[in-house]
Every structure is written in C-alpha cells, then in structure tokens.
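Okay, so subunit A shows up in both of these, paired with subunit B first and subunit C after.
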Partner chain A sequence: MGNQFLLALKDLWRQKGQTFILLVQIMLVIGLIQFAALSFIDLHKMKEEVKKLTSDKEIYGLMDLTSEKDIDTLMNDDKKAPVMRSLYEFIFHNKNFSAFRMSSNSLSVKDPALLKVKGVTPIRGQSEIEYVMTTEKFLDYFRIDIAKGRRFVAEDYVNKKTKSTPVLIGSRLAQVWDVGDIFTDAYGDQYKVIGILKEGATYIDIMASREIQQLDSMMISPVNDSKLQYFSDYDDIIPGSYIVSNDEAVMKQIVDYAAKLKTYAFAYKSMSQQVKHVIADKQEWIQIQLFLLSLVMSFTLISLIVSLLQFVAKNRYEFGIHYLTGATDKYIIMRITFQLLPLFIIGNLVNFFIDVTVMSVCVTFLASIVLGMLAVIIPVMKIRRMGLSSILRWKIK
Partner chain B sequence: MGLLNKSYYIIAYYIVVATFTCLAFSSLIDSYEQTAVLPDGLSPGSMRVTVSMSEEDKESSMKTGRLIKKLTTQSNDPFLLYKDISSYGKAFFLQDHSLPLSTANGHQPKQGHSVVVLDHEMAHNIRKKDGEKYFRFNNRDYEVIDFFTPKDVGMELARKFFITLDPTTNVTGMYEVDGLSMDSVDHALKSLQKEEPSLKFEVTPLRLTVSERLEHVIQDQLVVVASLLVTIVFIMMSTIGTTTAWIDARRDEIYARYLVGARFRDVRRWLLKEYLFVVFGSFAVGAMCAFLLLAVGAFDKVVTSFDGRGLVTALAFCLLIGTSTLVVATWIDQRKKGIIRKGSS
Partner chain C sequence: MIIKLKDVTKKFTTNDLSFQALAGITLSVNEGEFIAITGTSGSGKTTLLNIIGCLDGQTSGEYLIMGESVGKFDEARKASLRNEVFGFVLQDFALVEHYTVRQNVTLPLMYVKDKKKKKGRENGAKDLLAKLGIEHKEKERTALLSGGQKQRVAIGRALINEPKLILADEPTGALDQKTSKDIMEVLKKLNEEGKTVIVVTHDPFVANCCKRVIQLEDGKIVSDTTRTA
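Right, the complex of A and B next:
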C-alpha cells in the first residue's frame, strides 16, 4: 500500500502543472462545500434560536419610520432629553411588559496577548474587541449562561459611582483575562471582568441582521441608566428595542406614547413575521452558494475523470506489467485512488483556515469521499474491462 | 458514432458550460431590463427633484402646497408627485393621475382625504375607529384604503406605505415627478425660487444611463458574473487539455488525411467543423438542462427567467470559446507532438 502511495506521488510530481490545476479545483470545491455547510448549520441555528425566544411569548421589534430631517431636529433640541427619558422609562421599566435591547460596537485594547485570541481583530498594534451593550432582560431572553463569576445585577445598570464598567467576557477572551481583572481601552475607560460566558453563547439582532453572533470572542456590557444624558444616548437604544408581550395592544401604546411625546414615528413587527424574511434571505444566500458549487463541482468532477482516464491510457502498459507480476485489481484501484488522495487531503487541511465547525468538517469530509469515489469509478471500470491481452497489445500500437 | 465515442468528455464539458451560460446570460439580460423599471410604479420619463436651502441651517418658510400650486399652474397635464418622508414610506399628490401601485382591490385615493396604501405586512399596525381602518404616522391618522405587496426594484429598498402628501409640510426635501416635462418642472421651480431666492433645486431624470444600468447589473448579479468568470477560468484550466486529448485520439484519422494529400489548414478546418458540431450538440443538451433547472425552480432565487436573447448570447459565447479552444489546442499539438504538421502536403 505504501509503495502504491509513493508511486502515485511520483505520478503526480511528473504532471506538476496538471496536478496544480486539479488541486486548485478541489480546494475550490471543498471550500464551497464548507461554506454551504456552514450556511445550512447557521440557518438551522437561527431557526432554533428564534424558536427558543418565541416559545412562550411573542417578541416585537420597533420600526423607526421617522424621517432623517425629523431626527436632526430632535437631535438639535436640547429640551428633548427629559422627554426621551420618559419614553425610555416607559419602554424599559414598564410593569405591563418587558423589553430588551442590544447594540453592538467595538473597542480597542492594547494587550499583545489578545492578538492570539481567535475572533479578535488586530488594528495598528491594538486589538479590536466586539462588544454588545445590553439592557437587563438580554441575558434571560437569549438564555446566556455564565461559566465563571456572576451575572449582571440591577445595580450594574444604574450605578453612578463605579470607575470601571462591569463586563462579561466570551470564553475565548478568558485566555487573557479572568474574573476580577481590570483593563483599560484606548480612550482610558476602565472595564472590570465580573463573569465569563459559557462557550458557544450566541444572540441574533433579527430586525437588523440575518447573522447569528457568536459571543465567544465578544464582551457584554450593561446599558448604564445613569449615563444616559443626551438625545443621542437614548437614540442608540430606543429605536432598536424588542418588546416581549403576549398582548399586541402594548405595541400600540408604545407607538402612541412616542407620538404623544413628539419623538419617533414608530410602527412594529413581530419577530415571527421578521424571521420569515431573514430565513428567505439566508436561503437565497445558500442557493447562491449551491449555484456556484454545482458549477465548480461539475467542472472538477469532469476534470478529475478526464485526468485519471488520461493517466490510465498513458500507463496502460505499466498496469499490464503490474498484472503480470501478480498485482490484483485491488492494487490497481489503489494506484488510481492514490492519484487523488493527496489532493483531497490538502484540500481538506486548507479548509481548517476557515472558521469551521465539527459538523461542517464532517459534511465536507463526506462530500470529499463521495466526489473522490465518483471520479474514480469510470477509470477503474475502464481498466477492469480492458483485459490483460489488450493492455499489453497497446504497447505494440 | 465514432465522433460521439471519442467526444464524451468534450460533450460533458460543453453541456456544463452551456447550462450555466444559458442561466447566467438569461439572468444578466433580465437584470438589465429590470434596471429600466423605476420604483413605485413611476414611468420612464419621471424625474427626481431635490429642493433644499442654500444655507443649510436656515429653515424655509415655504410649504409643499406652494410647489404643488406652481406645478399645476405650469401644465394641465395629469401628474404624480412623490415626496420622501421616511426610509419606509412616501407621500403622494395626484393631479388627475392614478396611484400606480398594484393594490389588492384597485381602490384609488379620494381627493382631499388623508389616506394611506399599506404593505400587506404592515396590516397589524392598523387601528379601528368607527368601523374604519386607520394607520398612524407622525401623530396623525390616515384612512387605510388598500394594500399592496412591494416589489424589489433595482437597488432601492421597497417602501412599506404611501400616504397623502400634507401640503403644509416644509417644501424642502426629495421628490419624484411623473407625467410632466422637465421644462415644466424647471419653470415651476424657477418661479418658486423667485419667491424665495435662498431656495436651491436640482432636477435629474430617474432613467439611468447605459453605464449606470450596467453598473447596477454587475452589483445586482455579482454571483452570476462571478460564476461566468469561474466558467471562463475553468475552461482555460481544463478544456484545452481535454481538447488536446480529443485531437490525440483522432491522430490515425489525421495521419490518414495527410497521407492522401491534406494540408495543415485542411486538417484544422476539418477538426474545427467536427469540434463545433460537438459543441453545438452539447449546447442543445445544455440549454435543455438549463430550461429544466428553471422549470423545477432549482435556482429560482438566482435566475428567474429563461430568455431567448440569453440563449443566443450563450450559444455565441460557447461557439467563440469552442473555436478559440480548438485553435489553441491544435497549435499546442503542433508544437509539442507534431500530430498536426504545418506545411504538410
């Protein structure tokens, strides 16, 4: 077997140019299979996430219909901050329903150890960490658990005194920081790690995006009520709020209250309605990947078959000698299969540079086996049907 | 039959090329045509009007009603005026014109009423008052007269509601005018400017130029364009080698032709004829595959229609690729293996 593998490697080396072209094609196919598999997994996760969120109550998202001009007017009106405060209180501290909000952003931290953490972006020697600023119910609704430390408590959302902002860090960031550690960002603001999230924590801002956000390389910080002062502070939070209630009437109350305060022109949408669009978007993206994949895969499969048939035709006499010296079909099949094996191994290894999951790796690996088998079947059949005498007669020709 | 036996792999290649080029060119042509369709039912002669103040901080005292008045006095033609009021909606004014939306019940707005035509999906935002349905926007109730299903046009976001234009709102903003000539709109705006000199305006036709349309097609069909490029790269990578092998497989016939006095160009012409015959046959099968894929809705989100012009373009593309591939392959064969000998007679 080892000998067959070595012979196959020599064959590949002899046809360097063709081998390189086939390798590029196989890498492309495997890459596309990997992406398609990841998209399928993502779609499944998203459906699960939404199902989990809306299992017992409906969640509504606010749609901000306010024109840019009106927002500019509100922004320049100094008297609007108290009005915005009462709208904020009405939405987030209402006894009749609960609400949550997440707004994502990033902060720069200068710590060389962070550069080694997967998912942290290096920018000009600093590390850019994504964080999500959340209101009180966020952790509950996305069922995010803590592996170490504590969750946010009510005080973290209203604390006026603390010098450092309490944060929960993703599991990968725990390679650098531990509970109790304090760090400073590029602007000199301090953050204190109060807890580490369980690995695999996710959330989705379904009204704004179709992507599931992985929290492993992110941080969560609380919206501090006491730091909300200007219109822009409230404007970052209120328009993207999610309201949890089984009574749709509360949404009309919010729309009316915002209009009464002469702030936003709101409408609303339920999460189950929005998710249909997000799923359709995702399915379109998957179909696009499958379109490209089927094109590249068809070409690659034909290229592999043609290349193996050319290899068989070129080495027919050598195969005859193999047979004469006692080789069985098994060894000849091995010799042909090993022409592809190194290419598929390299193709699969290169894929580890993509942010893969165990499932997507398994799917890609299985797809590689199927593709390899399809490519090998015709050349193997051809050589088995040839017969020894016709193989040997070929040399005379 | 002999030709078929020796051409299996070339046929397989060209079936794949034909299937994808038929789909790709159909999609590109369809997308190009879609760029001529303007959003929200506007006709091709429509124009965009931007009214602003020369000093940005200054607020105009002029109202939209004044602009409507100027437009109606300038021409007796029926027209439609849209004003952008939100990223989700537009306000409309109709002068003997119908609202060009394909609504569920075909109801048209009544003059002097504050009404709204809503996207079906916004239906839950309706309130009921005295048996009538209303939609609240900016603290004002608009009577819901009908519903529509938005269509994605070009790169614009589909709007979710259309309300009656309030003539008391400030004149500055973004408008779309349909039904009037550019000159009439220009005169109306100039006469408005005489009343308030700090008013600034710009009128641009909404119809895109050919280069803008092509730019939209490339943005809209990025994946299709990418798959066409992938096809070309793959043809370069694989088809020449396969064609060389195809020529190799016919060397007995080539030698026989040389023996009976054929020249290089005769052999190449004969090979090209046979090769294009194979390409043409493969194209027919590929086109059928493309049609079947569309019929079963396999890629309905990427390619939506099977266009005759797309088919012809794809055929021209395949024949061009086929001819150049064979020319290159015969040249390679002549250089490397001497199967096709230049100057042989």
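Right, the complex of A and C next:
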C-alpha cells in the first residue's frame, strides 16, 4: 500500500501542471460545498432559534415607514423631545407588554491586544468592536447568561453620575479585559467591564441582518434613560424596538400612539411571519449555491475522470509491467485512487480559511469521498478490462 | 514435473471473427529443462507462453503447475505465481523507461508479501546486477541503456525473486548477433544453475542453444525433440 502511495505521489509530480489545475478545481468544489453546508446549518439553526424564542411568546418588530421629509421635520422640531419621551415610556415601561431595543453599532478602541481577538475588525491600527445597546429584556429574551461578574442592574439604566458606561463583554474579549477593567474609545468615552458573557451567547435580529449573531466578540451596553435628551437619542432606540407579547392588539396600540403623537408611521411584523420570508430568501440563496456547486462539481468530476483516463491510457504499458511482476488490479486501482488522496487532503485545507463548524467539515469530507469514488469508477472499469497479454505483446502505450 | 498441459486450446474471438491460436496442446515440463518453442509467426508460440506464465487463460483443457490446476486459481494467486514462480524476459524488454536500473530490477519485490524475504532480496540486488555485469549502471535510467544492457536488466528483474521458471519470449529479437549470443550465454548459465528455462523463438541459433525443441504449427505441436549431450 505504501509503495502504491509513493508511486501515486511520483505520478502526480510527473504531471504537475495538470495536478495543479485539478487541485484548484477541487479546492473550489470543497469551498463551495463548505459554503453550502454552512448555509444549511445556518438555516437549520435559525429555524431552531426562532422556534425556541417564540415557543412561549410571540415577538414583534416595528417597521419604520416614516418618510425622510417627516423625519427631517421631527429632527428639527425642538419640542418633540418630550413627545418622544412619552412614546419611549409607552413602549419600554408598559405594564401590558415587555420590549427591548436591539440594534448593533461599533466603537473604535486602540488596544494592540484586541487585534489578536477573533471577530474584532482591525481598522487603521484600531479595533472595531460591535456592541448592542439594549434594555434588560434583551438578556432575558435571548437567555444570555453571565460567566463572570454581574448583569445590569436598574441603576445602570438610569445612572446620571457615573463617568463610565457599564458593559458586558463577550467571552473572546475576556482575553483582553477582565471584570472591573476600564477602557476608553477613540472619542474618549469610558467603559467599565461589569460582566463577561458565557461562551456561545447569540441573538438574532430577524428584521435587520437576519443572521444569528455571535456575541463572543461583541459587547452589550445598557440604554441609559437619563441620557436620553434629544430627538436623535430616542430615534436611535425606538425604531429598533422589539415587543414581546401574545396579544397582537398591543402592536396596534403602539402604532396608533406613535401616529397620535405625530411621530413615526409604524407598521409591525411578527417574528413568525418574518421568519418565513427570511427562510424563503435563505432557501433561494442555498439553491443558487447548489446550482453553482453542481456546475463546478460536474466540471471537476469530468476533469478528474478525463485526467485519470488519460493517465491510465498513457501508463497502460507500465501497468502491464507491474502486472507481469505480480501486481493485481487491486494495486493498480490503489495507485489511481491514491493520486486523488493528496489532492483532496490539500483541498480540504481550504476549510481552515473559512469559519467552519464540525458538521460542515464532516459534510465536506464525506462529499470529497463521494466525489473521489465517482471519479475513479470509470478508470477502474477501464483498468479491469485491460487484457494483460495484449498490452505486453503489442506494447500498447 | 513442474508444468503439465492437457489438451489446451485457445480461441480468440473479436466481433464475428474467431481465431484458433492453440488447438489441443499436451505438454509436460520437468524441473531444470531448457526448452525452445519454435514455429512460424502465428503458430501460437507466444500464446502458449502467455498461458504458461498466467498472463492469459486457456479456452479449454487443463493446465497444472506443480500438480495444481491453474483454472482454480483466482487473480491474486495467478499474480503471486507471476511474482514468485515465473521470471519473464520479453523481446521488447518490458522495462519502465523512467525507472532506474535498480528500480526496474527490484520492481517485483514491491509485490512480495514476506518482509524478511523482501529485505534479503533487496540486499542481494547489487550482487545480481554484478553477476549480470550492469552494477555500474545501477542508478541510470533504463531509457539510456543499450539493447543488450536493457535485456540484462530484464533478466535481473526476472531473477530477483529466485523463480523456478524463466519464460523468455524472443529474448534476442531486438538484439544484434553478438549481444544475442551473450544473452543466450546468460540463460544457459541460469539453466546450468538449475533454473527451468522456456524460450519462445523463431531464431535457429537460439533454438540450437536449448536442450529440447518443441515446434508449433497452426496451434499444434508438430515435433518435440530432446537433444542428447
């Protein structure tokens, strides 16, 4: 077996140009399989997550249909801040339902240690950390637990005095900061780490990015009620609100109240409704990926088969000599198959450049085996049909 | 008796055409014999040698090797016979041109399962090359050798696994007269050392070197004569 593997490696080296082209094709196929597998896994995860989240109560997202002109008018109206406060109170401090705000932003921090943290984006020597500014219900709704430190307390949402904003950091950021550490962003604002999230914490913003967001390299900061003063402060929070309730009527109340206050023109959508569109979108994307994959895969498969057939035809006489000295079909087939082995092993290394999961690696590995097996079927049939005495007698090359 | 063929026939069929290459060959070969199989082109010499060497199968009849019927052997057993019992020397040398002399000579060792035997024979390869007068060519690619040297490499490869039987198909067919003489000397010497040698040839000089001459015509044995010393 070892001898056949060595012969296969030598064969690959002898036809290095062709080997390189095949390797590129295989890497492309494996990359596409990996992406398709990840999309499938992502879709499955999302379905599970939404199912889990909506098992107790429905969640509704507000859709802001206010025209740009109206927003400009609102923004330039100094008297609107108390009206916005009223809407804010109606949504976030309502006894009939609970609400949380969920929108992510980023802040720049200059700390060289952050550059080594996976998921933190380096931009011009600084690190961009994604964060979610939210309210208490966000943590409850997405069942986000703390590994170290504490959760936000009521004071964190209304504190006027403190200079630094309390933050919960994702598990990866704990490589740089610990509970109690204070850091400053590019604008000089201070943040104090009060807790570290458990590894694997996630949330899904079904109305916005529609992807499951990993909180491991993100931060969570509280909406500070006492710092909400201007229209823009409220505008940053209210349109990104989510309302948790089994009573759809409360959504109508919010929409009506916003209209009554002459602020936003809201509509709403439940997560269950929205998820259907998201799933349809994702399925369409997966179909495109699968179509592309099948094209590239067919092309690669044909290339592999043709290459192996050419190899068999070119080396028929050499195989004849091996048969003459004691080889069986098994050895020759091994030699052919082993040619594909290093190509697929190197091809699978492409996985290390993609953010993979164990499942997607397994899927890619299995797909590689199937592709390899399909590629050798015809050459193997050809080998088995070779008449040994004819090859040697007529020196068929 | 090392080989026994009983009423062996071979028929080649392609599409609607069929050709009877061997028509009832009955033959016995004893250990230590030096046999020439002669005949005109198309008389069935190579076909007979191919059947003896398990490179091809007979259409009917029985072929026994050391008392066992080859018909009952599977492909692996036949491959094992080609590896350990037979040593082949062919007209066009049947060498892998991009291999070195040593790689060609030791090629059959790749398929030897007994590791101890394999190691011992690997170690003996140098002596074998010396015996054949090509030890200085050990690391050279076979493509660069002369015809005579190539045939010596082929003989080396045939001998590396210490086979009982050397099967040579027109071993001097591609060589000049002097080199042919040298190669026949090598085969003669091997026979004197106890190897059974069967040579297929249409060259009277080669046939004259052998102790027993079997003549084929239209797939049948028309004469089988043993020379007395």
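As a convention for this text, the second predicted complex is superposed on the first by the 392 of 397 C-alpha atoms of A that agree within 3 Å, B and C clash if a C-alpha of one lies under 4 Å from a C-alpha of the other, contacts with A are read in each partner's own complex, and residues count from 1 in each chain.
By our rule, a residue touches a chain if its C-beta (ideal position, glycine included) is under 8 Å from a C-beta of that chain, and two chains touch if they have at least 3 such contacts.
Treat the numbers as computed from the prediction; the structure is a model and nothing was measured.
Of the two partner chains, subunit B is the only one touched by A:Lys262; subunit C is not. In the overlay built on the shared chain, the residue A:Ser298 is in contact with subunit B alone; subunit C does not reach it. When both complexes are overlaid on chain A, the residue A:Val24 reaches subunit B alone and has no touch with subunit C. Contact with subunit B, but none with subunit C, is seen for A:Leu65 once the two complexes are overlaid on the shared chain. Of the two partner chains placed by superposition, A:Tyr242 touches none, neither subunit B nor subunit C. Applying the stated contact rule after C-alpha superposition, one finds that A:Phe100 touches neither subunit B nor subunit C. With both structures placed on the common chain, the touch criterion links A:Gln287 to subunit B but leaves subunit C unconnected. Annotation: subunit A has no residue touching subunit B in one complex and subunit C in the other. For subunit A in complex with subunit C, the residues that touch the partner chain are 3, 14, 318, 320-331, 387-389, 392-393, 395. Subunit B meets subunit A in the complex at residues 9, 12-13, 16, 20, 84-89, 121-122, 124-125, 127, 136-139, 160, 172-173, 223, 226-227, 230-231, 234, 237-238, 241-242, 245, 299-303.
Within the complex formed with subunit B, the residues of subunit A that make contact are 18, 21, 24-25, 63, 65-70, 248, 252, 255-256, 259-260, 262, 265, 267-270, 273, 283-284, 287-288, 290-292, 295-296, 298-299, 302-303, 305-307, 309-310. Interface residues of subunit C, counted against subunit A in their complex, comprise 46-47, 50, 55-56, 75-76, 79-80, 82-84, 88, 90, 92, 94-96, 98, 107-108, 110-112, 157.
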